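Structures follow.
Below, subunit A partners subunit B and then partners subunit C, in two separate complexes.
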Partner chain A sequence: MKSYFGIFKMEFKGELQYRAKALAGIATQLFWGLLQVYLYTAFLNSGSVDGFSISQMASYIWLGQAFFALRYVTMPKRVGQEITNGNVCYKFVRPIGIYNQWYAEGIAQKLAATLLRFAPIIIIGFLLPKSIALSLPVSVGAFFLFLLALILGLFMSHSLSMFAVYLTFKTLSEKGSLGIVSSIVNILGGLFIPLPILPQALQEVLRYLPFSYITDLPFRIYIGNVGIIDGLIYIGIGLAWLVAIIAIGKLLIGRALKKTVVQGG
Partner chain B sequence: MLYKNYIKMHMKSSFQYRFNMMFVAFNQLLIMVGEILSVYLLFLQFESVAGWTFYESLLMLGVIYTVYSFVEAFARGYDEFPKLVQSGELDRFMIRPVNIHYQIFGSRFEFTKFPRIILGIVVSVIALVNMSVDWNVWKVLVLIATYICGSFVIFGLFLLSAGISIYTVENLEFLNIVTNGSKELAFYPINIYAKWFTRIFTFVIPIACFNYLPLSFIMETGSVPMWLCGVSPLLGMLFVLPCLLFFNLSLRHYKSTGT
Partner chain C sequence: MLKNFFCRKYKTIEALKDVSFSIEEGEIVGYIGPNGAGKSTTIKIMSGILTPTSGTCVIDGLVPWQNRKTFVKNIGVVFGQRSQLWWDVPVMDSFELLKDIYKIPTDQFKETLELLNKALNIEDLLGRPLRQLSLGQKMKCELAGSLLHRPKILFLDEPTIGLDAVTKLAVRDFIKFINKEWSTTIILTTHDMNDIEALTNKIILIGKGRILYQGSFENIKDKYSAEKTIEVEFAKDYQKVSLAGYKVVEHNQRFATLKTLPKTQFHTTDFVNQISKKYEVVDFQVSSLSVDEILAKLYNEYEL
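Our next item is the complex of A and B:
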């Protein structure tokens, strides 16, 4: 456990070095947020959706911008290179499992990137004109449940990202593998379009797939689209998914590692 | 011709990584399908937005996909211009006795964008077939001008962000807003956004000139005078001139990174 914490600390510190980049990122986030809020405002003005008013939608969008680093599928840094250039063999000699090593690295990077970026967007979101602003959570209970669901989302996001690592082993193409996995996660996880705005039947299906547990569930809890009790049930389902996905990921990567041939270097 | 050699060279090098190229192209198609599906689902839920129906909006998507992918395929060098600046490769371009723009055009070529151009055209055709329009010669001309205008404006944006990168050296994430932001904005008729937002993207960056203005002309709707809607694509094309000027002036300020 101590060694995982060590990896975690190291990656976290590394991520904190990129402060200027984070600052430039905030401007981008604001622009995308505005774009989406205006877009869906136009749609919601043409017809309404139950449990998703314009102000709830605005909150959903701003939360999405604030926690965008958590939502995106990313491979732990360097992993793609390590696999393609063969440096992965150094990981073999360390006394902890490779999957766990990468898992800890990835979680640390994602968490650091998120913590660096979320606060300014949240603050600006609250300060915006009322019609496009981020609102407070519906209740104190909902807020704590939101945080809990968000932590689940972090792990879910990264566990799904690990499939990209597996695909990289198979294809040796980091960009391609990452692209495929992130496209699927983005489409089904509500990054292209907020899930609560979709037709009801489709929502029913997506609700039970793992992708909506990344950020859709926490945001729904925050805006009151999902109640506390329902929220707890969904978190339970999400946890079951998480265990299953980690198990499958571990199995696949374990298999890929057995077949790995490192060519000199 | 030199340009032909450039293309041949890029073709050879891209096809060395055939699998990777297919992967990337497939993935881009997947994203596009996801985006088209999103638009479809939104209209399934809402039927219309600010008076525009699904196929009218879909045409906008078709236009921006076609022109953006077209510019990305051929003018990728400008998109990746910061890399030329960072690596100092631009120095080499400057001492060669060939026009610099010619070389930048030749420096990159994206074959993976071709499926997107085709899909863009397919989407446009599907939209056009399903729209109820009284076609006449003027409308056809305006439609063609729309695509040309779109390519010019997007290329202008690429020039703009490439020019800025001469000063910043770093590839700053917010430059993305200029190019990618304009793209995403143009997925829908842009007058559905807030007034000030629409104005910026009409008068500062003329996205509207290949977006809702020609669409208004073709559909004969909207509050903007028809003749103005009709000539808007021509006016929009002019945007590329100041961008080109800016890029050329910036190039004079170029200081090599020295590596």
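Our next item is the complex of A and C:
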């Protein structure tokens, strides 16, 4: 466990070095957030969606922008290179699990990237004019449950990202693999279109798929769209999904590793 | 071209075949062969990276690919063309992480690091990010990194590739030093024959996935060093030059290059007597095959 924590520390430190990247990210998120808030204000004004008021929608959008780094599908840095250029062989000669090494790396990078970016957007979100601002969470209990669900979301997001690592093993194309996994996760997880505005029937299905547990669930808890009791139940389902997804990911990558041929000198 | 898109043809190639050898504890073994012979493949099997289709490999009582995690605790690996240290952080941070990964006790870690610092002279490099180091500096740090946990066996895949003369010598001295200090078993592949000459007790020659020779390098050298090349300068132009027991490789007016025929035992006095009877000689120079030439000959002989 100590060794994985060592990897975590190393990657966390590495990610914190890239301040300019974080600043650029914040600027993009602000611009994108404003665009989306106005777009969906127009959308909601022309009709109505049950349990999703304009102010709830604004909060949902701003949270989404603040925690963009957490929800966005990324592979641990360098993994793609490691697989295509063969440096992955150094992962084999360490006395610890290979999947776990990448897992620790990826979680560290995601967490560091999120922590570097979220605060300014949250603060600006609160300071915006009332009609498009981020509101406070519905209750103190909801806030803590939101944090809990967000931690689950971090692990869920990364565990799903690990499938891109598996596909890279199969295809040797980092971009393509990332493309496949991120389009599925981003659409079904609500990154492009907030899930609460989708048709009710579709929402019912998505609620039980793993993708909505990344950030849709925590955001809904925050804005009061999902109550405390329901929230706890969903977190339970999410945990079950998480265990299953990690197990499947580990199995697949383990199998791919057995067949790995590291080419060249 | 289009046909290939619809219907792929596959060909199975045996990268290694009948490769079988044993290595004693504390030996330094040179693993040589032309490009693509299967050297790296063997190293990868021995270090648990590759799982062979068939065959066995037991190192220190363990099968590398079956007990990977236990096995790799006792080995160190350096691939000359890859890096195991982290790119954007100071070298020392990488070492600290390796300390965590291998669960090295703090006292032992300090002691080892001090020893490595002294032997490799890398104290000043540890505070700098890896990306700022030169190739030679990097290689020294890579070597240190692979030895922090004091492995019993060290695999070096082309450790001197691209290094300048000074660094090469330093790396060689260091390899010898480690072998003596910890009686580490060292297996290295290289294309630099001077590495082989300076370091190894034993060589394994591999080509097209098969073992062609194993044993001491001296044997091979003796076998081939009997062949001499003699460059002769004559006092005047001769139309034709010939000498019993020698082959004339080149003749250009006053200069000629001779080679000993396989059965000729070269002896300087005899040679001088023999040639001065026929020609008037100003100067001559005798040379044996260089180590590289010996190897090229060897590869040639085995049709590699």
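Operating definition for what follows: the second predicted complex is superposed on the first by the 265 of 265 C-alpha atoms of A that agree within 3 Å, B and C clash if a C-alpha of one lies under 4 Å from a C-alpha of the other, contacts with A are read in each partner's own complex, and residues count from 1 in each chain.
Just so it is clear, a contact is a pair of C-beta atoms (placed from the backbone, for glycine too) under 8 Å apart; a residue touches a chain by one contact, two chains touch by 3 or more.
Keep in mind it's a predicted model, so treat the numbers as computed, not measured.
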Fit or clash between subunit C and subunit B when superposed on subunit A: fit
Which of subunit B and subunit C A:K130 touches, first, second, both or neither: neither
Partner, of subunit C and subunit B, that touches more residues belonging to subunit A: B
Inter-chain angle, subunit B to subunit C through the CA centre of subunit A, in degrees rounded to a multiple of 10: 90
Subunit B versus subunit C as contact partner of A:G6, first or second or both or neither: second
Touched partner set for A:L39, first subunit B, second subunit C, both or neither: first
After fitting on chain A: smallest Cα gap, subunit B-subunit C, Å: 10
Residue numbers on subunit A that touch subunit C, as the complex places them: 2-3, 5-7, 9-10, 13-14, 17, 78, 85-87, 89-90, 92-97, 258, 260-262, 264-265
Interfacial residue positions of subunit A with respect to subunit B in the complex: 21, 24-25, 27-28, 31-32, 34-35, 38-39, 41-43, 45-47, 49, 171, 173, 175-177, 179-180, 183-184, 186-187, 192-193, 197-199, 202
Residues on subunit B engaged by subunit A in the complex (per definition of touch): 17, 19-20, 23-24, 26-28, 30-31, 34-35, 37-38, 41-42, 44-50, 172-174, 176-177, 181, 184-185, 188, 192-194, 197
Complex interface listing, subunit C residues touching subunit A: 40, 44, 47-51, 68-70, 72-73, 75, 77, 79-84, 86-89, 93-94, 96-97, 99-103, 157-158
